[in-house]
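Comments concern the structure below.
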Amino acid sequence: MIPKSFFKQNPEDPKPLKHIIKRKVRFDELDPLNIVWHGNYASYFEEGRIAMGDKYGFGYLDFKKHGVMIPLKKFYVDYIMPLEFAKEYAIETLLYWNESARLDFEYRIYDCENRLVTMGYSVHMMVDLNKGILVVKPAFYEKICEKWKEGKI
Amino acid sequence: MIPKSFFKQNPEDPKPLKHIIKRKVRFDELDPLNIVWHGNYASYFEEGRIAMGDKYGFGYLDFKKHGVMIPLKKFYVDYIMPLEFAKEYAIETLLYWNESARLDFEYRIYDCENRLVTMGYSVHMMVDLNKGILVVKPAFYEKICEKWKEGKI
Amino acid sequence: MIPKSFFKQNPEDPKPLKHIIKRKVRFDELDPLNIVWHGNYASYFEEGRIAMGDKYGFGYLDFKKHGVMIPLKKFYVDYIMPLEFAKEYAIETLLYWNESARLDFEYRIYDCENRLVTMGYSVHMMVDLNKGILVVKPAFYEKICEKWKEGKI
Amino acid sequence: MIPKSFFKQNPEDPKPLKHIIKRKVRFDELDPLNIVWHGNYASYFEEGRIAMGDKYGFGYLDFKKHGVMIPLKKFYVDYIMPLEFAKEYAIETLLYWNESARLDFEYRIYDCENRLVTMGYSVHMMVDLNKGILVVKPAFYEKICEKWKEGKI
């Protein structure tokens, strides 16, 4: 089963970018119920997002180098099944196409038996050093988007 | 301006329960942008929720005493403005009426100038010790709900 | 019983400054053993240290205003008894006299029955904006130290 | 330079067990100074300790299976240099020989240029399910220690 996306897409939009990393549940992420405390998924999603940014050249440091920060506007998690201590899991991160100066990330976490255990999304604005909200994408990211549209990344 | 609720309510439903606590931003909650890291709002909301539970008698330990856990099913945050180091803020927690064995919490965080800086919600299931999902509210919580309906709390 | 200090003092040194704050164990601080995870005491000690700094005028923001940061050099915790969910506790912070440009903090955590549950210390250097280590105290802090020596704070 | 150990050893004691893992600094571990917040080293050390336990068969879950918990008694960190965002580092964990029912772990963190950036230690007691302190090692761990003494692990 392929989970339905949180973001609406037009038929002509390029397919979302996708990246997967694997991690293992840490002891300090557990709560008294012996499962990952719900708030820690913000950290999991962020790890997936950062790994994707590093891969495609639009990571936190890439944006920072160009004087842009990408604070969150919205954050959502849907908890399907819990994760337990020392369990391995995969974080699948997807970036959905958006014409605006905005980043629409989706996350799907799978356990070691490949069951979907958590889904979520985060929406990020782009902000300059004076905390002004960007209305157009910065040039370096626009270039990446062009390649993305041409199917070259 | 009163923010619109995330939860649909019927006209005959009792009004949401409400509780406010005040806190101060801690150093270890900050990120390199010198604002509260977005993932920490899970902790802020939880503090609000726990304080409300303590006040009305349906806290984590009350449910636990009756063999019930209340894991999260959904979690959402809308970031409006950032919070900075040492700033005081208020967490307003609301519990919305629900006929089902489910808890619908909403959160509104206000800064020291009473501006709404964050909104969010969490939806909790009720689960017994065998991890079975409850379909009716446990008796102790049902009693609280009856009083709530009668406007006695 | 007054616990022995971690720091050596000379008989002519002014008495340590002392400050006490009260807190309550949060759910997200617990580990699967249902006690506060050992790493969270860094946060507890920091809360005590910051509250003391605010009281006496040498807090994080005071140092920052004068272009000085106070990173940790050493950190130690002695775990005597665990703390459980929702328990109230007191953090006693002491600052020991030191002629050098260095901050020697000691922490004692007491539970709601006034039993000593944790002790620890942190040693901080003073560093300027170029990350150079200060060898003399900044003027604003030297003034506070003079008052301290004269018993006026 | 080989750093001096925190633990006294006798000449006839078996050499410490050693294990190394590699990690990368995460965004949510940073503080406003753009370096890893000092309290996060408790998590780094724990990761090293858990990886070593998994390798040698005396991990958290191994102890738990035999009804034994290993809470911390002491914890110490010496901060030598800071770690920055996205930097890779190695956590070297050492377990020192101890005749008693106690675990003496030492940690050394090296940056990507192999410079020692942090050292520390943790001392753990062994406790049974009734929270009684063990005076002899549990049988499964004693067996591991015998092999260790014979140089077979």
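By written order: A, B, C and D. Residues from 1 in each chain.
The rule is simple: contacts are C-beta pairs under 8 Å (C-beta built on N, C-alpha and C of every residue); 3 or more make two chains touch, one makes a residue touch a chain.
Note that the structure is a prediction, hence the values are computed from the model and not measured.
Novice: Considering only mean CA positions as chain centres, point out the chain farthest from subunit D.
Specialist: The most remote chain is B.
Novice: Comparing the two chain pairs, does A-C have more C-beta contacts than A-D, or is it the other way round?
Specialist: More contacting C-beta pairs are found at A-D.
Novice: If you average the CA atoms of subunit A and of subunit C, how far apart do the two points sit, in angstrom?
Specialist: Taking the average C-alpha coordinate of subunit A and of subunit C, the gap between them is 38 Å.
Novice: If you average the CA atoms of subunit C and of subunit D, how far apart do the two points sit, in angstrom?
Specialist: From the centre of subunit C to the centre of subunit D is 26 Å.
Novice: I'd like to verify one number: the distance from the centre of subunit A to the centre of subunit D, where each centre is the average of its C-alpha atoms, in whole angstrom.
Specialist: From the centre of subunit A to the centre of subunit D is 32 Å.
Novice: Residues of subunit A touching 2+ other chains?
Specialist: 27-28, 39, 42-43, 46, 85 - these are the residues of subunit A that touch more than one other chain.
Novice: What part of subunit B is in contact with subunit A in the complex they form?
Specialist: 33, 35, 38-40, 42-43, 46, 69, 71-79, 82
Novice: Show me the residue ranges of subunit B that touch subunit C in the complex, using the header's touch definition.
Specialist: 26-28, 42-43, 46-47, 50, 54, 59-61, 85-86
Novice: Subunit B touches which residues of subunit D in the complex?
Specialist: Spelled out, the residues of subunit D in touch with subunit B are 27-28, 30-32, 34, 37, 39, 85.
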